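Have a look at this one.
Per-chain numbering from 1; labels A, B, C and D assigned in written order.
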Amino acid sequence: MSRAATMLRSHPRPASVPVDAVAACIDACLDAAQACTACADACLAEPQVAALVECVQRALDCADVAEVSARLLTRQVGAGLAVVRKQLEACAAACDACADVCERHGHLAHCRECADACRTCEEACLRVLQDPPPPRGYGLDGM
Amino acid sequence: MSRAATMLRSHPRPASVPVDAVAACIDACLDAAQACTACADACLAEPQVAALVECVQRALDCADVAEVSARLLTRQVGAGLAVVRKQLEACAAACDACADVCERHGHLAHCRECADACRTCEEACLRVLQDPPPPRGYGLDGM
Amino acid sequence: MSRAATMLRSHPRPASVPVDAVAACIDACLDAAQACTACADACLAEPQVAALVECVQRALDCADVAEVSARLLTRQVGAGLAVVRKQLEACAAACDACADVCERHGHLAHCRECADACRTCEEACLRVLQDPPPPRGYGLDGM
Amino acid sequence: MSRAATMLRSHPRPASVPVDAVAACIDACLDAAQACTACADACLAEPQVAALVECVQRALDCADVAEVSARLLTRQVGAGLAVVRKQLEACAAACDACADVCERHGHLAHCRECADACRTCEEACLRVLQDPPPPRGYGLDGM
């Protein structure tokens, strides 16, 4: 069980959200954020950096968006369902945009890894977004 | 002219976006983020902190979302229009959610200030979102 | 091998830093940051929140500092050894400060978990700080 | 009076720290962070991007460090004096490292602006660090 899952389960209020999907999404967001920060840095060290500028920029955006998405998912109470959902939509879009460019650079190991992390994160966000909100209670359901 | 506006104007590529609206939105995001971080901290120092928990949580979410939104707006190239637009939608929602709670605490100066900063930021985000994307070119138009 | 280690190894320039210690520190920083964000949120949901205010505040500081420390460690080139070292010193101090308070709340599962994550991160930071900088070359050695 | 100063003054506990110096430092950190994010993006759009890689990387580090420093300064209670001081030392070092590189690119308006913002932030950090901690009380003095 990842730390995120352990932390969600140690929360004083019982979660009405599916903890496993949320924990998986938190982990995927942090993984993608780290991979994007690393990929941007590695692209900057490539001899053909001028051809990788768009990749750097999308990776920087995705790192920022994914990191904040992990924070909002971690806070089980807070801004509520509407805000978390919109943030996850932004995250899925940022992951898709970064992966689209990284997938064009399949000859670079860091771009392959980054694309993999971004696609996993995109899917995890979409999975949480597809879960119907719980009928009532606490969690992502609109506090 | 704010630093954000100066920086946007010093960018090597001519912007096709309305620089003034984007600079105002960056400034409003950073202002709201700082106010939210401060308001959460001030709420924690209030004797009635137990009654302010939701305010703290929404302010923390809003600070994170607004800060990242300023970063995406600042990067004129990058993930592109779709991602920035979704991030601004999340930001407007986070600002609205935080202001809604702060406005209930009109007797607390920090909540009044924070609500003001959040409403200004929400409006700035909506203004950028309402601008039609430029017909072609560089900037927020889908690079 | 964690994503952080894979990403470090996929960097186009050979690292002169001990990759395993740096990757372990990145992972520990992200783990502590997530645990701190979660612990702050869980404290806010406890009935005795008024007694946990200092815990919330230290956890929020530690989450911010650890997250940024992971980013600086991930960028193998950049601000250079002096900045990374100072950031890691701040991170070790923030982890220690948060763990000190969380350890007083051993009856709360989220505080126990958070203290554990913070102590692991503190040790990982100190380990990287204790490594002598490489005699020359690339990486944390002062580019 | 900036928002940061207003927020510090609206805090429920009387500050024993010099509010003006802290507010000026928060504003300078946010200004430097925004300028660094913008300068990194502008460098990526320059035709000679390959010669500006180090500038991009130092600016990215400095943006992250300055943003988090503003957050810690804003939280008047929290991790305490030792952590805030170490974070400000990291911030002053990151600003100095970024300005050092930007000042070599005086022909680029965004580098001139960024160097100016970083030097102002560095000085503001050093000013707060030079203030002797208050004899007792609340604020940066070791809660």
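Rule of thumb we're sticking to: a residue touches a chain if its C-beta (ideal position, glycine included) is under 8 Å from a C-beta of that chain, and two chains touch if they have at least 3 such contacts.
Only a predicted model underlies this, so the values are computations on that prediction, with no experimental measurement involved.
Set against the C-alpha centre of chain B, every other chain centre is closer than that of C. Between chain A and chain B, the centres computed from C-alpha atoms are 20 Å apart.
Mean C-alpha position of chain A lies 27 Å from that of chain D.
Residues of chain C in contact with at least two other chains: 41, 44-45, 53, 57, 60, 67, 71, 75, 77-78.
Viewed as a network of touching protein chains, the structure reduces to a complete graph with every chain in contact with every other. Of all residues in chain B, those touching chain A in their complex are 53-54, 57-58, 60-62, 64-65, 67-68, 71-72, 75, 77-80, 82-83, 86-87, 89-90, 93-94, 97-98, 143. Contact residues on chain B toward chain C in their complex (touch as defined above): 40-41, 44-45, 49-50, 53, 56-57, 60. Partner chain C is touched in their complex by these residues of chain A: 3-4, 6-8, 10-13, 26, 30-31, 34-35, 37-39, 41-42, 44-47, 63, 67, 70-71, 74-78, 108-110, 113-114, 117.
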